[in-house]
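Starting off with a structure, shown below.
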Amino acid sequence: EKTDFKVCWSIYVGWMPWGYLQDSGIMKKWADKYGISVDIVQINDYVESINQYTAGEYDGCSMTNMDALSIPAGGGVDTTALIVGDYSNGNDGIILKDKKTLADIKGQKVNLVELSVSHYLLARALETVSMSEKDITVVNTSDADMIAAYATPDVTAVVTWNPLLSEIVAQDNATEVFNSSGIPGEIIDIMMVNTETLKDNPNFGKALVGAWYELMGIMSSDSEEGKKARTAMAEASGTDLAGYDAQLSTTKMFFTPADAVTFTAAAELPKTMKFVAEFLFDKGILGEGAPSPEFVGVSFPDGSIYGDKNNVKLRFDTTYMKMAADGGL
Amino acid sequence: MRIINRTPSRRTAVLLGLLPFAALIVSYAIASHYRRLDNPADKLLPSLGDMASTFWSMAFVADKRSGDYLLLGDTLDSLWRLGAGVGTATLIALVLGIAIGFIPHIRSSLAPFIASFSLIPPITILPILFIIFGLGEVSKVVLIVVGTAPVMVRSVAQAVMNIPRELIIKAETLGASVWQMTTRLVLPQILPHLITAIRLGLVPAWIFLISAEAIASTSGLGYRIFLVRRYLAMDVILPYVIWITLLAYLIDRLLLIVSRRAFPWHHAGGNSL
Amino acid sequence: MRIINRTPSRRTAVLLGLLPFAALIVSYAIASHYRRLDNPADKLLPSLGDMASTFWSMAFVADKRSGDYLLLGDTLDSLWRLGAGVGTATLIALVLGIAIGFIPHIRSSLAPFIASFSLIPPITILPILFIIFGLGEVSKVVLIVVGTAPVMVRSVAQAVMNIPRELIIKAETLGASVWQMTTRLVLPQILPHLITAIRLGLVPAWIFLISAEAIASTSGLGYRIFLVRRYLAMDVILPYVIWITLLAYLIDRLLLIVSRRAFPWHHAGGNSL
Amino acid sequence: MKTPPKVAVKNVSMRFGDVLVLERLNLDIAAGTFCTIVGASGCGKSTFLQMLLSNTRPTGGAIELDGVPLPDEPTPERGIVFQRYSVFPHLTVEDNLILASEFAASPVTGKLFGGARRKARAEVRETLERIGLAPAAKRYPAQLSGGMQQRLAIAQALLKKPAILLLDEPFGALDPGIRNDMQELLLQLWREQAMTVFMVTHDIQEAFKLGTRMLVFDKVRHDPVAPEAYGATITYDLRLKDGVSEPPPAMGALLPDPAASV
Amino acid sequence: MKTPPKVAVKNVSMRFGDVLVLERLNLDIAAGTFCTIVGASGCGKSTFLQMLLSNTRPTGGAIELDGVPLPDEPTPERGIVFQRYSVFPHLTVEDNLILASEFAASPVTGKLFGGARRKARAEVRETLERIGLAPAAKRYPAQLSGGMQQRLAIAQALLKKPAILLLDEPFGALDPGIRNDMQELLLQLWREQAMTVFMVTHDIQEAFKLGTRMLVFDKVRHDPVAPEAYGATITYDLRLKDGVSEPPPAMGALLPDPAASV
């Protein structure tokens, strides 16, 4: 039982509301309501934010479904998907220089952040043209340097996400040959929280969810207030309102809790997680001792479980989002 | 007359010194010009005018969102961290350096460890630093300390060991205790070397400051560069880099002047760069 | 007897030197133990045994996917880059350092530029390096060069300026040309200082190597560390860090031995750390 | 009971690793002796002085001071002046001189402040006048000539009123003229303070001129196969009158030609 | 036509910023003169030598060599030996000696290899014997005593057979005994090679012993308000016989007491 909580987030279109929640005082309002305090901390380096959460420094952290499985869940930290915020619907893409179709990628060096969702996207895309990673060479490239990397002659193919993606696509010689709208609902951005902490402190979950959906309501409206919120988020991410709206357009935000609940409870999610688990296992990052992709168990809202039932470390749970949908907060 | 015997006049020297800077600016302007001929929206090498106007607005136009002057805020935050980091490193260097240089038992026990420790690239153990020190200001300061202190400790210790043994013996015959020797003999004699060590340590300190701010921070010069880097906003990055270089240069000169003023007995004779 | 006058015996000195290492290992083992009590799958502080077995398999078990020995491949690639970078920096330091230290006109024109240049944190101008040098091996080597050469140039130039003027004059009276003085007098006299400069330069060189490999690569020690950082595999990272530190230490000692062998006239007297 | 000699050296030997530097040194020195020490370069004169100072310990034998063994580290009753590095470069002339009284007065900071410092400075004023450094009181050693620095070093050592003063080639770096003045100054101070002085010098003229007793160090035994098997010892121990005396003829071959610098 | 003097110094003066160090120097030196120079510390003796070497240029007046103005930088016809730093620490004794011939023989590498090098080394063997350094031929200067280093420095300068040899306190750092040997060596070499020698020394005995002509530098004019307004000049210019001569009584006050080092 505790009263002070810390969650962390990093700069990404679907997570910018977290920063605004803190700055605008909405979070404080909701925390006060439940008699707790919640500190929302921005961490520039995405991987570092997950590492910190995994190490136990934070009670929650925004991350993708894939990274949740590989880092905290794979590291034995029981983690619950509290708020399923959005999925990438074109926010991640594959770009070829001076080539027009995905099949042309054969034999090229592909620059991407290895073992990230970009890597996953590439693997899924290659399947659609009956290729595998053997047909290309992956070059691990830091996201911060992706744009500059693309500007060099030796880089001919990149996989990345927004806002880097739209910066690169804007160049004359760039063609986006595949993007995450081709695998809708597979790259999901989620606020993950520590299962144990959540179990012991339901108020923590309630405050976060309540605050989040209040802001979703504001943000999705075309009102002055909504614009103001989006402008602030745009600037915090280093762009302007138009740029930020463009990024939002390729992100399937769940502005209402009901949408999020529907998506999380749908039958596609277990399939997606199976893809992801197999991808991670194939890359050898489920841990040294992982004998199969089913090593880490994942539970779903309907009670079904993928993988090892005795080692469930990642839980998709709609309880709190449902409370929000039902107006119960 | 051989070229090594010819010394340029003061005016020639200044002109010669400006030459490479001018060459850099001109070649940048040309490269930028041709890139923008190809693609007028090129972001990589913005024109000098663009950079100037961006810099101007970051420096003198209050940010719409927060009402702050971004450059000022970033600079103050970064300088604060740099100062805290280098200050802490200096203190550590002073205490450990004197102990290691002066007391053989401490030297035996700590010198090998610090020598090894100074070889660890700090960025590789960042996650551990962040876990131990959190992600707040402390961890940024600690990263600077970890990156600069070992080398500074080493050079202070070496400076202590370079104090002629004769002076230590002399102090003993004058009845000084170890503590008195430390405060009256060792400390004042190594202070100028400490300043040299700080000046040398500032180069990595800036690098670690920028790295730390790029990982976890919401303000500072490194944060700003990190933030706009994903949009390849070189019109912000390049002026920031120049600004950082200028700050670093000014701090370096300031320390040199302080040293010359405070320790006239140390700066006698000998050309230095 | 005052503590400063007591010297530990050889055996005591070795034991004292091992103490902090032992303390580090023990405190790590304890911390790791307690973390794993909480969460047996904890990734942050793996047990010493886990690290050893992971390291063993990286070193001696061929990788399932590629059939390579990962540690060997990473080490060779990194050492190659480090060697190329530091080698280039050394060459630059030698040529520019001698020119700046020996010829006043070149000193006037280049010294201020290099002093300013050395203050630029290289990571901030990465995009520009990419444009000029591409994204392949060259840019990694260049990053190392940019990060280490300015300081090395400076210390070589200072070493040249520290050659007693009397020796230069003497050479002139023996009929030496500038070129002959450079090859027979200046070069041999600064070589030991060059080795010192290399040893000092290796510390930042490792840091820039790791950074460069984090940017875009498919192998190398830094690559591996940053790759596995994506899933917090400290059981790989920590042994790699120790391995890097060990390599750095060995190279440092090697250079010291080379210097002692090659320049006996330089290593006379004086305690050094 | 007979009073013990001021300094008693009892069968002292010194070995660095395999090299035997000094052996079979036996010596009693009465209080008030001005003992000059000469000998070839590298024969162990400085080493002998270091032992008297307790800065190194003999590997064999023992040295006694007033009948008790030497303390095991340098103490204020034995003052020292080296050829170089004898004054503190970061202190002005007068601050060099008040340093010893600062150490004594202030165990924690080792420093006097305000009135106490002014008083201490006033107290050394007379000494400054004596050694002719009053006009240079505020200068740093680097701003003094070599002779001025050595005068300061001697004054600094003497202000502590040591029973024994050790001097290791104190005037080696000085010009002949200045050297002469310094010798006079030293003799005068020695007479006034009734110290026991040990002075190593390369200049045999100086050794005769100043000493009341002169020790010559040399190797007497040579092993042509292992030149390092035997060490130097005291080959001549001359009691001189106050003033100049001539070396015995036998020494002619051994010592540098006294006419050398004439 | 009368042959010009070897060295002619014409109304030379030297000023560093506001400080006038030397003024109104006028001097003709015949070939083969052994010219010793004495004077108080800081009066400009080294500066004068630096000017003769073309290492600094006089701010007034001119110096001529065989009737033509001095070259504007050091050249091989004028050899130099300083008090310190006169030999190359990174070369062995014999390599220090063959260096000049290497410079002459090999403009590009400045180095001889194989047979040529063996030949050059053989050629300096005799010189090595003369200066008593043959057993030390393979040693580095740091492994030599001060006297051995200075012998090497003089030999190195002389091998180039300079018309003029400049010496700035060459024996200042040596013991009296070694000093005497060195003086003999120098005199002998001077006679053999018929050089013109300029030697600065602090030791007036040495100046009388070695010189055929002795110059005393001193300030003659003093401005009590601005002590730097006037520089030193040549106050005594004594032609000495070959051998020792006595200073005139008037010089007694001016110079360090000659008895000082006796």
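Order of writing sets the labels: A, B, C, D and E. Residues in every chain begin at 1.
Note that in this section contacts are C-beta pairs under 8 Å (C-beta built on N, C-alpha and C of every residue); 3 or more make two chains touch, one makes a residue touch a chain.
What you see is a predicted model; the values in this text were computed from it and never measured.
Common neighbours of subunit A and subunit C, by the contact definition above: B. Counting C-beta pairs in contact across C-E and across B-E gives the higher total for C-E. Farthest from subunit D, judged by the mean position of CA atoms in each chain, is A. Here the CA centre of subunit C is 47 Å from the CA centre of subunit D. Distance between subunit B and subunit C, defined via averaged C-alpha coordinates, is recorded as 18 Å. Taking each chain's centre as the average of its CA atoms, subunit A and subunit B sit 38 Å apart. In subunit E, the residues that reach two or more other chains under the touch definition are 73. Under the contact definition stated at the top, the residues of subunit B that touch 2 or more other chains are 2, 44, 127, 131, 172, 177, 229, 232.
Shown for subunit A are the residues that touch two or more other chains, namely 51, 55, 147-148, 151.
Touching subunit C in their complex are the following residues of subunit B: 2-4, 6-8, 12-13, 16-17, 19-21, 24, 44-45, 100, 102-105, 108-113, 115-116, 118-125, 127-128, 131, 151, 154, 157-158, 161-162, 168, 172, 177-178, 181, 203-204, 206-207, 210-211, 225, 229, 232, 234, 237-238, 240-241, 244-245, 248-249, 252, 270-273. Note for the complex: subunit A touches subunit C at residues 47, 50-51, 54-55, 67, 70-71, 74-77, 111, 113-116, 137-142, 145, 147-149, 151-155, 284-285, 287-288.
Those residues of subunit B whose C-beta lies close enough to touch subunit A in the complex are 39, 44, 63-65, 126-127, 130-131, 134-135, 214-218, 223, 226-233.
Within the complex formed with subunit E, the subunit B residues making contact are 1-2, 5. Contact residues on subunit A toward subunit B in their complex (touch as defined above): 8, 11, 41-45, 48, 51-52, 55, 57, 143-144, 147-148, 151, 163-164, 167, 172, 231-232, 235-239.
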